[in-house]
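Look for chain A in each of the two complexes below; its partner is chain B in the first and chain C in the second.
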Partner chain A sequence: MMTEDLTNIKVDKSVDARGTSCPGPLLAAKKAIGEIENGQVMEVLSADEGTRRDIPKWCTKKGYEYLGTLEEAGYYKIFLRK
Partner chain B sequence: MSEISLEQRVETLEKQLRELKDQRKDCLSMVVFSNDLDKILAALIISVGAAAMDTEVRLFFTFWAISALRDKNKKIKGKDMKSRMFGSMLPHGTEQLKLSKMNMEGIGRDMIRGLMKEKNVTSPEELLSTAAELGVKINICEMSMDLMGFKKEEMIDYPDLSYCGVATFLADAGESSIQLFI
Partner chain C sequence: MANKKLTLALFSGSVDKLTAAGVILGGAAAEDMDVDIFVLLQAAFAFKKENALTNDRVAELTDNKDEFLASLKRLDTPHWTQAFRTAKEMTNVNIHICGFAGKVWNGYKLDDFIDLADDICGIGEYISSAETADVNLFI
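Entry: the complex of A and B
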């Protein structure tokens, strides 16, 4: 997915995990994913470079669709579709 | 020249591969041997991470690592002298664990603990309670308990904690897709 698409994407659930380090963001994502329906979009905010690599792996394992990552000032926005 | 066609050989191989895959569960079996703060931290982060990815986790605590699971508030009476000696020289729970390097009589440990807070790294105490919430199983080696004179009554309250021998670990590890020793 192109970056342009990500900036305008409709986010159904936002998880702010900027205050935690590994494995905090992954845990936060796991907890939050249960609160959305299949097909809905979730974004994970993380200041952790590792999370940017971890979330796509988690998506592959769980069968979610990793949509891409936006770099913001000091953190990442990681998008996925359940 | 082989009489079996390539197609047949591929089919046989695929069947064998399927069988191999089926034997392994999406499960992490880990031997936790060390009671160094850094190693326990690594063991717990990997465990919680695996559980967050919905991998079943079974930890086999043996030897020194068992001291990390003691509850410092539980006092046990009726131990023999050697057990008391062992008991007093080993840590009572994760809060008393030392670093494997640069511990410097506890100065290094305190520095790392301080840095962890500063950088939002979860403490072993919090990780243990998260592990409990996520259903991480803990098995404690009964022989090591006996050897070091630890009593079941002095262990932490953990929902899925049991005592077992090496065969349980081997059986668990044998059917797990990931096996680690820390």
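Entry: the complex of A and C
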């Protein structure tokens, strides 16, 4: 998915894990994924460098669709579809 | 499909290594792995009720202990007991205290240890579990 698409994507659930270090954002994502329906989109906000690689790998293993990452000022917005 | 399994022979009773174990448990929990933790000698000290929250020993880079512990606070890192608890809440984690290790620290009953511990067992149980593990670690 192109970056332009991500900036306009409809997000069903936003998880702000910027206050935590690895594995905090991943665990926050795991907790939150149970609260959305299949097909819905979740964004994970993380200031942890490792998360931007962990979430795509986690999506592959768990069967979720990793949509892409936007780099914001001091943190990442990581998008996935359940 | 059956969950993958992580077995952890947890020997260290030092907060640096216990914190690292907690991070790894978080990763395992995120992936719904089944986890069997075997609490061996020094780790059994850290699991004693009277020690778990007061023990601040570190095993590595001991001359930087103050910086390390301050950094854990600065980064708002959960105490290792909390990281273990979170993993238990999120996936199937069983924590076994080695019977011999318990006795070394005068811990004879499950009640002598923090409530994260599920049972006291012998080493045969570790070997049996590790034989079928996808990931097996010693910390």
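Everything below uses one rule, namely that the second predicted complex is superposed on the first by the 82 of 82 C-alpha atoms of A that agree within 3 Å, B and C clash if a C-alpha of one lies under 4 Å from a C-alpha of the other, contacts with A are read in each partner's own complex, and residues count from 1 in each chain.
Keep in mind that, in the parts below, a contact is a pair of C-beta atoms (placed from the backbone, for glycine too) under 8 Å apart; a residue touches a chain by one contact, two chains touch by 3 or more.
The structure presented is a predicted model; accordingly, all values stated were derived computationally and were not measured.
Visitor: Between chain B and chain C, positioned on chain A by superposition, is the outcome a clash or a fit?
Guide: Aligned on chain A, chain B and chain C clash with each other.
Visitor: Applying the touch criterion given at the start, work out whether A:Trp58 contacts chain B, chain C, both or neither, answering first, second, both or neither.
Guide: both
Visitor: One more residue to check, A:Lys30. First (chain B), second (chain C), both or neither?
Guide: both
Visitor: Taking the superposition as given, does A:Gly50 touch the first partner, chain B, the second, chain C, both, or neither?
Guide: After superposing on A, A:Gly50 lies clear of both chain B and chain C.
Visitor: Of all the chain A residues, which ones make contact with chain B and with chain C?
Guide: 19-24, 26-27, 29-30, 58, 61-62
Visitor: What residues of chain A sit close enough to touch chain B in their complex?
Guide: Against chain B, chain A makes touches at 19-24, 26-27, 29-30, 58, 61-62.
Visitor: Would you mind writing out the residues of chain C in touch with chain A in their complex?
Guide: It comes out as residues 23, 26-27, 29-32, 75-77, 86, 90.
Visitor: What residues on chain B touch chain A, complex-wise?
Guide: 45, 48-49, 52-54, 119-122, 130
Visitor: Along chain A, where are the residues that touch chain C in the complex?
Guide: 19-24, 26-27, 29-31, 54, 58, 61-62
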